[in-house]
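So that you can tell them apart, the chains are marked A, B, C and D in the order they are listed, and the count of residues begins at 1 in each.
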Amino acid sequence: MTIELQTADTTAVREALAAQTIELPSWAFGNSGTRFKVFAQPGVPRDPYEKVADAAQVHKYTGAAPRVSLHIPWDLVDDFADLRSYAEGLGVQLGAINSNVFQDDDYMLGSLCHPDAKVRRKAVDAHLKCIEVMHETGSQDLKIWLADGLNYPGQDNLRARQDRLAEGLSEIYAALGPHQRIILEYKFFEPSFYSTDIPDWGTSLLHCMALGEQAMVVLDTGHHAPGTNIEFIVAQLLRVGRLGAFDFNSRFYADDDLMVGAADPFQLFRIMNEIVDADALRPDSGVNFMLDQCHNIEPKIPAQIRSVMNVQEATAKALIVDRAALHEAQQASDVLGAHSVIMDAYNTDVRPMLADLRREHGLDPHPVGAYAASGYAERIVAERVGGAQAGWGA
Amino acid sequence: MTIELQTADTTAVREALAAQTIELPSWAFGNSGTRFKVFAQPGVPRDPYEKVADAAQVHKYTGAAPRVSLHIPWDLVDDFADLRSYAEGLGVQLGAINSNVFQDDDYMLGSLCHPDAKVRRKAVDAHLKCIEVMHETGSQDLKIWLADGLNYPGQDNLRARQDRLAEGLSEIYAALGPHQRIILEYKFFEPSFYSTDIPDWGTSLLHCMALGEQAMVVLDTGHHAPGTNIEFIVAQLLRVGRLGAFDFNSRFYADDDLMVGAADPFQLFRIMNEIVDADALRPDSGVNFMLDQCHNIEPKIPAQIRSVMNVQEATAKALIVDRAALHEAQQASDVLGAHSVIMDAYNTDVRPMLADLRREHGLDPHPVGAYAASGYAERIVAERVGGAQAGWGA
Amino acid sequence: MTIELQTADTTAVREALAAQTIELPSWAFGNSGTRFKVFAQPGVPRDPYEKVADAAQVHKYTGAAPRVSLHIPWDLVDDFADLRSYAEGLGVQLGAINSNVFQDDDYMLGSLCHPDAKVRRKAVDAHLKCIEVMHETGSQDLKIWLADGLNYPGQDNLRARQDRLAEGLSEIYAALGPHQRIILEYKFFEPSFYSTDIPDWGTSLLHCMALGEQAMVVLDTGHHAPGTNIEFIVAQLLRVGRLGAFDFNSRFYADDDLMVGAADPFQLFRIMNEIVDADALRPDSGVNFMLDQCHNIEPKIPAQIRSVMNVQEATAKALIVDRAALHEAQQASDVLGAHSVIMDAYNTDVRPMLADLRREHGLDPHPVGAYAASGYAERIVAERVGGAQAGWGA
Amino acid sequence: MTIELQTADTTAVREALAAQTIELPSWAFGNSGTRFKVFAQPGVPRDPYEKVADAAQVHKYTGAAPRVSLHIPWDLVDDFADLRSYAEGLGVQLGAINSNVFQDDDYMLGSLCHPDAKVRRKAVDAHLKCIEVMHETGSQDLKIWLADGLNYPGQDNLRARQDRLAEGLSEIYAALGPHQRIILEYKFFEPSFYSTDIPDWGTSLLHCMALGEQAMVVLDTGHHAPGTNIEFIVAQLLRVGRLGAFDFNSRFYADDDLMVGAADPFQLFRIMNEIVDADALRPDSGVNFMLDQCHNIEPKIPAQIRSVMNVQEATAKALIVDRAALHEAQQASDVLGAHSVIMDAYNTDVRPMLADLRREHGLDPHPVGAYAASGYAERIVAERVGGAQAGWGA
């Protein structure tokens, strides 16, 4: 059966979509690549201000991306209050602060898990510095992803590293303000190859539970082994009240960091279906929907616009699932019937509804085209001459 | 550097090896196969008594396999006290009781997670029956592996199934005696294809923590996604005191149930290395080392003997790791040096030491050969004529 | 941009869809399951005639499934001419003949690759028997899938098995009639776990090339390692003129045999996109589009109907790709633009167009509903009482 | 049974080991890392001469690494004849020439497969330049690994890219001298994420067969999907006479480029077992055994020494397999017996035999220790001051 969106009362769906926000990563606008090559793109930002300006373009055309995550030290500025008011002037907020304890030479063999106490001290201090930044930016979330891990069996003691990790996190947690959170990311491989110190949601959750209620798990959709059912993890973390945020992106094999929804749009829909089912889409649910992806060969601003639209489309499909019919079929053990309810929503073309919604809110119905027509891309290429382009190293 | 076992004082190593015990599964002695075909083997047991007799052969030649796990209802007998004394007469104990709630027609769409309360009731009752059996057999561990899961997105509600699971487990847990445990297994796929209701150690652990201190996680070495670092999970579960048991076997891709150590002997060594490192090899550590594997094309008794020997060899290698040198290299951030310490132990041929140890304990140094020479295999082929051979269905 | 199917001239698309045919497997209508359990379903066929009758229902409601593959010996009948005319009376043809050399006890360690020449002889003869059947049924394709492989390193000689395989295939090939083909399937694991003797398309292709022009590769969508780009293989096999057939199904991790399009509908679309791009959809392209999937927990006839519809929908989306725009964007190195052209087609809801097409051809626009309303399901449950239900073993 | 190397006649084994050579990659001595960070190491070479000097150290202590592969343009020098005589003065030869058509900005979307004919021209010319270098260095092998591929479905036409690839290779092949070869590498992912243009051995082989007898396949042990049986591919390529070379390294999940034998030593043994079984170890077999691995966190020279030793140990184990007993057990369908023959060889400690062999040839029995004691590492740290360290980009 097709779902007739034209004639249905989609008021609640539209309201939910209008309230949805997606946070953008500042580093998505800088150069990025693989270990083989970083291909520079003309017009790429040279400082955090220009990154924020580019992110604001995404919000301008989608109306759904009002926050920008920063990465410290990549986005260090002298005056974060100034950066904050600059952002607000462009209609966006500064969002989560991402710590970076993997690029200083001292961190070659780890940061919070390093066998050397001096390196651990330095890594804790780097996080305390991030919390200071958060006070200035008004950020609520300290996102911690560690590159810690081992390349070779025996290289270090797996369990001792967990103990060191717990100790370091504990000191960082103690420094949080009352409305601040640690959101702790897991990743099952890379840049370490034999083991990573937070490889799975179970490990992240154990540390969060040990820390307290202000510690939550970050689920990056690219950080799982093949065959992993990600929406199950979403449901599980929501059930125990510990899903703090998403890092959205998509991947075919490794942590490919492609545009969310590009590799497996059906999976993205299933993830959003769990979110809707648990009523976790509402703005006060405690789940921060963030993008974390890189654009190595495609232009960065339109790629972010497209990604936001992909999340919106998956969300819209999740919102139009006929939950009463679904529940009824599930209770009746009607395997094909229940599956069909899900597929009917997925197979529906929600783009016209989203285009309408944009028009209602004064936006162009076609964000990518509107951005392309704006001349912004050409302008930054012309203007951003000289200086050092931002990338993962700056 | 080679480790000179001939001249070293290996007293502690030998004592640890002599104290190690491995539990055998009764079902390893029956017929098994794939969905394509079960190839019957001559001489296969026709009842639980004959399975126990075969298991006792493995213990007779290895001296290291003094317990047999049972599977209910496959191993139901009229008088478990009689089976118990029969086993003890052969020198072995009855071990863990495995519930089976996946072969009755009612369980097609699940057991403890089924949408229908009547099916859930039946599944809980099946477990309560297992606990009754445990009182008669003297078993301490109720091993729960559920085939519950979904084949299609939407087929049932992922989160509701977790809630039902928690409720069912809670009722079963309440029926445990003071010295009994639930050991809860996870499996990331099969026989369900889209999702399994306990897919990973995190899910199993969450349920165990909710139940109480008598609930522990079972780690089956074949139940992980490709690329998963299993020894990390071992270390993590030991760290939180919740590693209840192993189901040992080996696999190349799926849950292949090959002989442990046959597919990746280095991985088995790394797992035992974490066990030794955490001092969890000692008999009172609470970790039950069990085999759970099937022999589809190879003869069953020698395959179990070989598997026990493989675990012993991996353990022996783990025991001879020079932990002082390892710790020193790790603290010094000497990546290659630390890795070398591990590899030196792994590359050592421990078979002569194990052969000596067997001689010391009055065993033939070559268990497979001794079993082959005993004529037992020919005897059971001759004697076990008529009746229905045991298999996964009985 | 949304593709406006209502107003576009979709004549060519409709003609291509109307000409598309999908072959059904007789075994999809019998009972099937996993190694853990086969759950029987009421009304399941008890002989090949009833299987053909059920398959004819799928064609009746979709108009797109006019052939039925048989499996020998599962579908052996005394008089194939009679079965053929029975099928034709129901509006369907007998299609490919599938050999089965994996269920006789002699085949435990292989068939065409077995170390024992007597077993190889028997396996060749089984195929010659299939060719005889083909003469009676009018079938063109002898589909060969072998369960041959190894569970343990060293079990047999990998290379010698290839030589034996080549020799056996060669004898079978020589017996083909001038309009008959061998279509040779590959599978990367299961039921063997360590190695399979035709694990990948490269191996199948090498054997086909050695045999001659009447040997072609079968691509089963469930028979690849995780992360494999299947549409690349489709394109490659089409390029060298050796794609003989598809075995369609879908899977999340292993050879799950779920309904095609259920696990990753975007992948199915990408596969059909390569087919359309190479003009291989036309009936005389030499590609036989077959289903090969099992319905363990869902009702079998509607699951086949749904599967046929899924293939039709993926095909329709592939047909509406704006290939001129795609080519232009690709030539211009417009990564996002080219990707968008593909996604615009994929995101279009083609179900209304397919419903229209069915109406045009005198079919109910909603095949699943029409079948459900027909009472056929209830009738076979009532009528098929007694006898032995068909399954993988019969 | 243990294999008693002390008393056995191992003359043939020792001769085979003494004749074995392994080629080293120049880039293993430069800095390398991940997309997250390249950690520089003190003493790293600053030019090709210093790389060759470091490689010569590996040969000095192992006696088994007499060739060095170069990477063009990373290793471009003004006078290759001079570099060649420099190398020969240090006791090593210049080996395979590796083309690099992935770091110039023009290659962002591909090289030989690029949609733009101008870029393809440039990529062909880069290879022709490599052939010129080969004439000067006396190299026989032009190793081609392409980073070509796609990140997004639709980005380019999969099949057209194959046609362009065939055309480009054909022109390069035509420029080969009579004793030169193209060796063509495949890789299933990275740096492209959606598809790579030579993802598997089948694709590489098809192109080699189209080119002619001087084109051979390169098997990089890190370039396969999880679960792939690599020794099967080795056996298959040897069977068709197209295994040109190995790129040895090891990996847990992706193309980790760890030291060969570090992640799965049993797999390395199985690979060498196929080599020995096909008599492809002998120097004139046409198989070039090369290392291709990076040392991101461990010191580079000892890591290469260790890697060479790992290959030697795996080879030694393969050489002591009792092939008569293996064949007999295989023919008798003795699954466990045949597997045991393989495992007996694998479980044997061959390090004492290799130490003896080194002594016989005037080498220190412990290469890593001897290198460490030599003071070379300290010397290059002291001497190599100033200049730009070599890395993947230079």
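As a convention for this text, contacts are C-beta pairs under 8 Å (C-beta built on N, C-alpha and C of every residue); 3 or more make two chains touch, one makes a residue touch a chain.
According to UniProt, the chain labels map to these proteins: A, B, C, D = L-rhamnose isomerase.
Since we're looking at a predicted model, the values are computed, not measured.
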item: Interface numbering overlap (same over half, different under half) for chain B and chain C; value: same
item: Pair exhibiting more inter-chain C-beta contacts, A-C or C-D; value: C-D
item: Separation of chain C from chain D, taking each centre as the mean of its C-alpha atoms, in whole Å; value: 40
item: Where chain B touches two or more other chains at once, by residue number; value: 109, 151-153, 188-189, 194, 226-227, 229, 252-253, 262, 266, 297-298, 335-336, 339-340
item: Touching residues (chain side chain D, partner chain C) in the complex; value: 109, 115-116, 151-159, 162-163, 188-189, 194-195, 199-203, 205-206, 224-229, 231-232, 235-236, 238-240, 266, 270, 274, 277-278, 326-327, 330-331, 333, 335-336, 338-343
item: Partner chain C, residues of chain B touching it in the complex; value: 32-37, 39-40, 102-103, 105, 108-109, 147, 151-153, 188-191, 193-194, 226, 251-254, 256, 258-259, 262-263, 296-298, 392
item: Contacting residues of chain B [partner chain D, same complex]; value: 1-2, 226-227, 229, 252-253, 262, 264-266, 297-299, 302-303, 306, 313, 335-336, 339-340, 346-349, 351-352, 355, 366, 368
